[in-house]
């Protein structure tokens, strides 16, 4: 039985860099990986995962309609890597878990836990409920502590507390914070 | 800033024993702890947390109406321990997190992640979304792998797939399983 | 391939309680475990592992002469548990790791990392070098931080800085401390 | 009290990429870091840490003579990062730990645990003995399992079992392996 890994971290924690590092390591031993990212996130163009540190790879896009099934994978895939996994649905997390548990293909999902209001993303909550291993990728708050949240700011740099979980094409900026900064700012 | 810890594990993983071990260690250095458990769970009597290994301690009961606030704690409390934390509400998890982040009192919550259908408990999903540290307490499936789920069985030992998340006063029995046994049994 | 687990913690972190909890969980699924503890440590009598919380189990004693080999285990052993694993030799750690990696029997070793001078125990250093998983069992320093060291005190309660790593039949007392207390006390 | 982190991984596990990611995150919040690497390792030139994925940063070189002391750091350093930390001496690990515990500067050390014979590096054993947090950076063995060892090969690709721990200017190649491949090859 292979495992489903949930590797969460705040914005800027190096999630995509870590995903690309795993992909690179499979390449080095001559094994193929399947990489997926959310169609929702096209900051770096369609169908690509790219780290802020400068590296990138092509990726399949997943939407709410995507069905994850071992039968749909190329035969030689040794590992499935998901970026922006917070946008998975609960159903898709179950499909990916079956792929690992019954199909024996390790699945490593990278993503955010919570939105700018501190509320769960659906995919994140589902992954945290069933993943075989949960691992944190860390980053640092402006105060020096570990960051575990993100806050949204408007164009004037003022914190925004309400709004849609995902803002497409807006001017929102985000900043990662520790719990003390997240709550004390209120 | 103190931290909110989420220590999850399947049934039989030693969650209550681990909680009692923390309580014991604070006693040894002369510090008080506040222990809470869910009013819902009275297998061992009202107002007590008890490990299957034989030790126990008195505990406060929490219900959906309980408000967690530093002002309500005795002055000398050095740590808050929550058993059966899957029964916390999302609001209560936020209150406990503020207690840690702003009140500087570490909070350690022990509980299950998922019910017999593999679905999240509210408190578990909320804890997984915000906790500063997530740690697993492990146990073993009948097949020898790590158990991460639990299944419910009727009085005849047959697996039950539907029903209420919590069954009060019934004859249900539970068994912890790994993901492969959880899914393949279907 | 099964794994070698190194679960370290300071004195009072609940290492033996955790070992007994694993043993209990294997019993519940009808599987046998082999339990070993160091012949050196007979605080609770010969051939027994006992938690400060009140539970205990019989155990085999290991000495520097013990050879760990799958061939020496009872046929039905599903897991090997080692208490006081800091007293293993480097050779014995290699034997236990082969037992896991080649013999497919999980080995879980519990022990201290460092002695009262902050120096490594041989077994602890060897386990930290090769173990497939390293996990910490935590306890608390008198100052409230996580304890990661232990200090030795004489009968007057004064800190002792020199002496043998292990003191047989002496009056030494130990106290677990965080790094800041360990170093600042100097 | 800040912490000393020991982040170990086999060759190719992305240790340097992870170090650079931490450096980048401190830059983003306007904080300075001090980066050190072993003078011994000049694969990418003197005084630079470089990831196989293409990014790099200048670094101070440490030798066995280097003394780590808060007084020697620039005033604004918020975090100390050590690459190739397996080459630290036990004394240097103690100095770095005091820097974290007493000087309140987090120290994150990245490195290998064991050499091609499966034996500890001095710095790795010392870090595993005292670090406040131990975290693994993972990579994959040619067999698909997690790699935790490295083996040395001669120019013909044949495994080498004896020789110096560090080979300067030689033709040795290395390959990371899991425990089963490491031991069964024997």
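Lettered A, B, C and D in written order, each chain numbered from 1.
We adopt the following convention: a contact is a pair of C-beta atoms (placed from the backbone, for glycine too) under 8 Å apart; a residue touches a chain by one contact, two chains touch by 3 or more.
All values reported here derive from a predicted model rather than from experimental measurement.
Chains making contact with subunit B as well as with subunit C: none in this assembly.
Taking each chain's centre as the average of its CA atoms, subunit A and subunit D sit 27 Å apart. Each chain gets one centre point, the mean of its Cα atoms, and the points for subunit B and subunit D are 37 Å apart. Within subunit C, not a single residue touches two or more of the remaining chains. If you sketch which chains touch which, the chains form one closed loop in which each chain touches exactly two neighbours. Residues 1, 3-4, 94, 97-98, 100-102, 113-114, 118-120, 124-126, 128-130, 132, 134, 136, 145-146, 148-149, 178-180, 182-184 of subunit D are the ones touching subunit C in the complex. Remark: subunit C residues 12-14, 17-18, 20-22, 24-26, 28-31, 52-55, 78-79, 139-142, 144 touch subunit B in the complex.
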